[in-house]
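Given below, in the form of structure tokens, are the structures.
Both complexes shown next keep chain A, but they swap its partner, so chain B is in the first and chain C is in the second.
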Partner chain A sequence: MELQAVLMAAGGGSRMMDLTYNTPKPLLPVGNKPLIWYPLNLLERVGFEEVIVITTKEVQKMISTDPKVKLDVKMKLDLVCIQEDADMGTADALRHIQQKVKTDVLVVSCDLITDAALHEVVDLFRAHNATLSMLMSKAHEFTETVPGQKGKKKTGEQRDFVGVDGTGKRLLFMANEADLDEGVVIRKSIMRKHPRMHIKTGLVDAHLYCLKKSVVDFLADNKSISSIRGELVPYLVRKQFSKSTNSPKVIDETHQNLKKNDSNVNLEIQISSRDEELLHLTQERSCWNDHRGDMSDAYHGGRLRCYVHIMDEGICYRVNTLAAYIEANRLAPKLFDEPAVHPSAVVSERCLIGADSIIGASCQISDKTSIKRSTIGVSTTVREKVKVTNSIIMHGVTIEEGCNIQGSVICSNAVIGRGADIKYCLVGSAQRIEPDAERTNEVIVGTDQLMEI
Partner chain B sequence: MSSRGGKQKKGNVTSEQEEEEQPLQAVLVADSFNRRFFPISKDQPRALLPLGNVAMIDYTLEFLTSTGVQETFVFCCWMSNKIKDHLLKSKWCRPTSPNVVHIITSDLYRSLGDVLRDVDAKNLVRNDFILVYGDVVSNIDVSQALQEHRHRRKVDKNISVMTMVFKESSPGHKSRCEEDDVIVAMDSKSKRFSMGTDEFEIRHDLLDCHISICSPQVAELFTDNFDYQTRNDFVRGILVNEEILGNQIHLYVTQDGYGARVSNLQMYDSVSSDMVRRWVYPLTPEANFTDQQGQGCTHSRHNVYRGAEVSLGHGSQMEENVLIGRDTSIGANCHISNSVIGNNCTIGDNVVLDRAHMWNNVHISSNVEIHQSVVCDGAVVKEAVRLNKQCVLAYNVVIGPNLSLPEGTVVSMHHPEEEEEDDDDEFLSDDQEVGHSKDKTRQKAFNPAEVGPEGKGYIWKASMNDTEDEELAQCLWGLVLNPDPESDSESEASEESQDRTFQLEVLGTLQRGLEENIVCDNLVLEINSLKYAYNITLKEVMQILTRVVLEYPFQQQGTQLTTLQYTGSLLPLLKTWSPVFKNYIKRAQDHLDCLSAVEELFLEQDTHQTAMVKVLMKMYQLEILEEEAILKWFSTGATNDKSRQLRKNQGLQKFIQWLKEAEDESSEEGE
Partner chain C sequence: MADCGEPDGPGNKDDITRSKNEGKELTKEEKQRLRKQKKHQKKQKERKNEKGPSETEKDKTPVSLLPPPQPVATQKAPSALPAPASAPIPVPASAPFHSSPAPSPADKPAKSKAELKAERRARQETDRAAKQPGSSSSGIKTKVPLSELNPVVKRLPEHVQVDDPAVVKRLAKKLERQQIPLRSDYGYKVSLFSHLHQYSRKAPLTQLLSIPSTVIHPSIVRLGLQYSQGIVAGSNARSVALLHAFKQVIRDYTTPPNEELSRDLVNKLKPYISFLNQCRPLSASMGNAIKYIKKEISNIPSQCKEEEAKTKLLTCIDRYIEEKIVLAAKAISKYAIEKISDGDVILVYGYSSLVNNILCEAFEKSRKFRVIVVDSRPRLEGREALRRLVQRGISCTYVLISALSYILPEVSKVFLGAHALLANGYVMSRVGTSQIALVARTYNVPVLVCCETYKFCERVQTDSFVSNELDDPDDLMVTRKGKTQLENWQDVSSLGLLNLVYDVTPPDFVDLVITDLGMIPCTSVPVVLRVKNLDQ
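Right after this comes the complex of A and B.
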């Protein structure tokens, strides 16, 4: 086995609390499938047979009991639960399963929806014997109106500066706008080795990483790192050019020191990929080089290498905000080909259902309804003369007669009263909207769900 | 050459007829406005120094002509007469020349800025022009860049003011000047200098050729901004004000082609060897593009060039990359490699020359060894002299015999001190200058230990020259900058120093509080704001606070306090600041942290350990610390021998005993 897949599905979805109040993020329905299905499907498509899923007890319970959350994958899932309140980061989680990690790992986040060719990332990892390879994509503009959001929202998150070399593959530099005091500071030693550096902004990190096993071991020894994206990746990127990892002499010393169990001093160095001897010899004898312009060895003798594959086109979303969730729902049907209307749904013949809509299992759609560009969840009842446009209706929702729902998200088990007119709203789970209500651009949730400040 | 210019002209006629009617103009600045080539350039302006036995300005003019320039303004200042004489004799001033050369001299030019302001004042340029220095050697065909420049200016009305020509060459390339180590941020698509856009490229593999295509506005902008001295000032000014004024600077990157500015001797050395190795084709030594009689030479294998009437002694070898000027005679058994020898030189027997640059009329005696050095016109090197690397013998110097000059020696007939005296009138005409120097030469005797028994000349030390602010600007051979140590940037040191500064700040705050009688609430406020400023955790705040307060008497009255004095001054302080403590010490853990800080301090100040009881007692009385916390600390906190030792202190034992009893009593009372 070359790579072990690890799926991180313990996140709380803190950036879309309104949605994840009742449903944990991994199980949010996207195109009537739980969000976690998408990364699992991605892994299954490329031939993984086993996945370690790191998740919470709650999710595990729902997966095993709730019939609505049917994962529908043939892979063997190795569910590992972590405590929800332990506030563990992704790196903590990886450390948690260190015992299970036998080879290099492919870490995927549960909120990734993409049609990326995964082999591109893995090939980079293989070809350069990299320590880290990751996937990025051009950021998408979200076009849909987001409920409860006044005006055009500025992208609140700060920009990431990503520096890649001339080939666009080697990851040289990474910084977040928030960490920069005055402008981008790039060490000259990097410039000397890689004279051409493309600095890109407007990329999203897909949170998909290939990591060497040694990195997981490194994490086990270095307890201070708690997040992969926030700490580990920037650390690795930076370490590529620090002297200690580059000069072979130090490495040799490290080996000796390690034998003496003096691992404390050299914790940091362990992470450099220790090339097997044969590989090293091959590299020495080969005339191949990764750069031109100077006479130094391939990779300038560096042992630690980070690579990134940047998708130019295709779908790549991280469903971690409401806007992304809505966008993902719009695009999800394109990712799988199943009948838009589930066979077990009862759909009246005298209703209008657009081709870009999905109707879940055991739904009841009554006469004279019109459903366009929308997703209707499992066991939802839609009564007569209802108009649903551009909306996401989750499971078990009841929509009474004559409602008009536009650009909204209706969470599970909500009841929309007769004749209500809802535009660009988010209706929390199990909420009741009184008949003939008119709501526009609102977030309607229970009082207990309001965030504590 | 001229045919190329014609071709380019035809290509453009269709698109830009109107502009093409006017001839392409160039501004050539035949002055460097610095003293990098001193003392060599005391006798000859830099533009006239020979490179491959041809004056540098000829290369520049040839380059301009071959790219289709039809009118060139040569601006000279320092030793303008010599440059003028040279140009008047050259082919550029013949009536058949395709490039009309106008010579403009003034002693008032002090910088490139002055020149361009004069260009504007005299209204010389009517259209886009090429701006170069008189020491640029290049074979780049800039017509492509020119077209791009014109296109840009046509599309966006006059936004692009300058296109700078860069050559691709990786870091470490020989012709990269260490001082001119540019790093460029550009927009790869529009080839614009920029940083702000979504995507840009940072390039460190570019070499500034010092060739720029300028719009006529450039001269105006220099006039508007009278503080612009150099092109760097200009570029910076444009980039900084890009958003306001909307002017942009673009780049043109060429992959093949050669372009470099001879800005110091290091560059001189590399450009000269590139020239001999034919990188600047078609400007090669045998081409005799200056079209002067007797300059022709033959080119044979291994890049060996020989001028007319060269005589070579028996057993002498010219290994490779050697250029020998006319009428030069070389003795027997010499070894010459990678060297340029001028006209009318004589070289004795058994001479070894490697990377030597010898100009005209040089006389070398036998058994001389020269490595990577420059020997100027009329210099005489006597027998058995050895010039180590990077030596310079300026005009008419005599060295030797039997001497070895250490690396980097510069010898000149001008006394180094005279330069400083002449500092103010350096822009006077050179006749006066020479008169001056002759007087001085007579006054001061040569040092035989430095230049040999028969030697003539003064040693110039590199350190003599740093009259300018920039120290490195003065070394003749460009400085070889050591690559910055690739140290690991992450270290704990900075964090520790943060704690330290925080401690000092807290100390300052408390001091001020005492002096100015500030209310404790305000002190708390100040400390809190410091906490955020230095990003200190609450726990650390408390520990540092405790430490500062306990050390306060030492701080104020010196470390020689007796225990009694110490407690005497500390206890009132504790009373004063007890609200501050109470603000920070709230939870049980806080109490323990505070106690451990107290313990730590008294472990350090072991002579005052007896005071600890009093401090604890006071803090207990002031209700800063609770008795349970103290008891818990006492029973569990001991981690090493020292702290165990501390707990055996009699006074402390008693105090704890008393506390326990008090507790018992109170609990009894409670029942």
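Right after this comes the complex of A and C.
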């Protein structure tokens, strides 16, 4: 077997607590499908037959019991539960399943919605025998108004600085703005080997990583690394150019250093494979070099290599903020071919449903309603004379007559009273909006949720 | 059939064996006579040995005419032929050679194809068993006719018949059967070369495969990718990488129940080889390596345990690499260094791992010489050769091939590497090599070709059109000052980009071929091939 897929679905959605306090993030509906369906569909389309899904007990329960959450995937899902309150990072989760990992892994996050050609990422991983291969995309500006947002959006929050070489494939430098004190510091060894580096800031990390099995074993030994994105990836990128990985005498040093438990050396002995000499002979006889202009061999003799595939066009979203969630809902219909109006929905004759709206199963849409650019969830009731524009209505919502909902997100099981006028609001789960209410740009959530402090 | 009895036998047999030993092609009558003789011999043997199962023998002779003459049959025939004399069970091995089917095939539909196959297999087993204890005398005599009779049913390989839709359809069907995606051709092909495949590097074969590749072993997928992207390039490097991948395949292989390792593993390797062929056409050295491995696998005795068989195969592969590549390089360097004298100016073309090896060794042995590296677009492999030579401390000059006649008056010797040496003495090498040889000949500069024997190939070619490789035409595009002139070459209907990879150099331009067997003239290549075939 070549690759094992691991889907990280235990995240809490900390940046959109308003949405996720009742529904766990992997099960948030996007285009009337649970969020976790999108990466699973991506893996299935590419040809995976089984996936290890790391998730919480709550999610597992909901997947198996709740009829609304139908995953519709033919793959075999191996659900691994971790405690919610254990505060495990993604790397901790990988360490948790180290026993199940038999080959190289493809780690995907549950909030990734993309139509990328995965073979580009995996081809980089295969062809260059890389330790890490990841996917990034050019970030798109979110144009939709985000409900409940007061004031301008803070720009420049936590940018990522990504340095790639001339071909745009080899990853040379990765740092987050938060980790840099004053400026971007680049080591001279990197500049000597790659004099031309392109540093990009407008990239979205898709959180899709191909990792060698030796990295998972390395994680098992080094318990200090807890997050893949935050700690492991920058560590690997830095390690490409560190002196100990390039010296050929590493194997001798390991015997001396075993007692010291040097983490650097451990990674290296794990990376070297059998038949190293044949591979070395091949490289020696082959006339290929990845760079030119200096006297060193291909890859500068380094054995640890990190690659990135940067998508220029195509959809790639990480649904971890409210703005991304809204944007994803707009674009989700393009990713699958199901009809916009579910066949089991009862839609009356005299309502106006725009072409880019999605109506979920078992809905009841009454007369004289107008639904434009919106998503209506499963089992939602919409009474007469309701205007829904640019909104996301989740499951089980009841919208009484004469309401006007614009640019809002209404969470599941909410009830909007008659004649209410909701503009750019976020109505939390199971909330009731009293009739004839007028709310603009507010976040309406229950009092129990406010007790987060 | 029984008419050509005893009187024909001994006299003509001598004639035929004589002509075989001289290497002449057998004429049609001679072949027919040989066939009849063999049949007659067998019949006599049968009459002597077994009176009992004469019905089965009668059954078998008409039935064996049922399988139509296929190329498969000719391959089975060699294994059946070697011991016609010693087989206790009647082996009507000359049956597959019947071009005119005998009258009785139609009235034996009772025997199903599976039974026939089982019978044939049983026969082959007994042949193989009987072969071991020393039917060597008859073996040798009949082995020589084997290698000469094989070329009877020869087919053009599929990769040089791309403009024939029937062949393309057949290839597509074969790939579908093996569950390998078909790679589609790209761009307009120049009409002279429209019979060859032309692929684009931007459309790798992996986008049609499932990502955790289950049909094809992951190391083969990796190898195919590395071939198509040019990460592993060069005849020696490709062969070593191929054998390395095969080692991993063998390590991960488990014999399914009711199957034999010797047969099943060869069948497992076939789709992998097709896949690699789709990624990049196989080189002659790779072809020879594959033939060797297949032979080794099929020679594994059936009672051998799996673990033992696997370790045996792995050591075989290691030995092959060690002997044919590493030690051969050492031997060639030893011979070549004799030819390098102090004060020499040596011209090399492109990157040849062997020539580089020779020059580095010569430099170690403190010969004083300087090197001129000639390079050509679009591959510009000479830069890598230049880098490795300069890294050792050899003083080099670098020119492009357009400056060849300018630089040749300074040159005292030309060392060329080869991709393959063909059976008529032609040298197949990187495109541009024949130019270098031609110009060197006009300047009376000696041209020495260095080539290991495992790259010797039984093909015969006199021009570079018949069989070649077309690389990605987009490689010819170059961007200068931000402008790519050929960017929209596909829109111009009368423009075709041709990116050839190989060309053939006639033996008249080559003065010496340095192989691990010694220094031979170019015309002695067929002798080496024949000696090699006899050994095997």
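Please note the rule applied: the second predicted complex is superposed on the first by the 423 of 453 C-alpha atoms of A that agree within 3 Å, B and C clash if a C-alpha of one lies under 4 Å from a C-alpha of the other, contacts with A are read in each partner's own complex, and residues count from 1 in each chain.
Here is the rule we go by: a residue touches a chain if its C-beta (ideal position, glycine included) is under 8 Å from a C-beta of that chain, and two chains touch if they have at least 3 such contacts.
Just so we're clear, the structure is a prediction, and the values are computed from it rather than from any experiment.
Visitor: I'd like to know which partner A:I199 touches here: chain B for first, chain C for second, both or neither.
Guide: first
Visitor: Can A:L281 be said to touch chain B (first), chain C (second), both, or neither?
Guide: Second partner only.
Visitor: With both complexes superposed on chain A, which partner does A:F241 reach: first (chain B), second (chain C), both or neither?
Guide: Only chain B; A:F241 stays clear of chain C.
Visitor: Once chain A of both complexes is superposed, is A:L180 in touch with chain B (first), chain C (second), both, or neither?
Guide: A:L180 sits against neither chain B nor chain C.
Visitor: Where does A:V346 make contact in the superposed view: on chain B (first), on chain C (second), on both, or on neither?
Guide: A:V346 contacts neither chain B nor chain C.
Visitor: Count the residues of chain A touched by chain B and by chain C, then name the partner with the higher count.
Guide: Here the partner covering more residues of chain A is C.
Visitor: Of the two partner chains, chain B (first) and chain C (second), which one does A:R292 touch, if any: first, second, both, or neither?
Guide: The answer is both, since A:R292 touches chain B and chain C.
Visitor: Would you tell me the residues on chain A in contact with chain B in one complex that are also in contact with chain C in the other?
Guide: 292
Visitor: Mind pulling up the chain A residues that touch chain B in the complex?
Guide: 163, 183, 186-189, 191-192, 195-202, 238, 241-244, 292-294
Visitor: Spell out the residues on chain B that touch chain A in their complex, using ranges where they run on.
Guide: So the residues of chain B touching chain A come out as 169-173, 183, 185, 188, 195, 198-205, 483-484, 486-490.
Visitor: Would you pull the chain C residues touching chain A in the complex into a rising list?
Guide: 204, 206-207, 209-214, 218, 221-222, 225-226, 229-234, 236-237, 240-241, 243-244, 247-248, 321, 325-326, 350-351, 353, 381, 383-385, 387, 390-391
Visitor: Quick one: in the complex, what on chain A touches chain C?
Guide: Counting only chain A, the residues touching chain C are 1-5, 46-49, 106, 117-119, 122-123, 126-129, 275, 278-279, 281-289, 292, 295.
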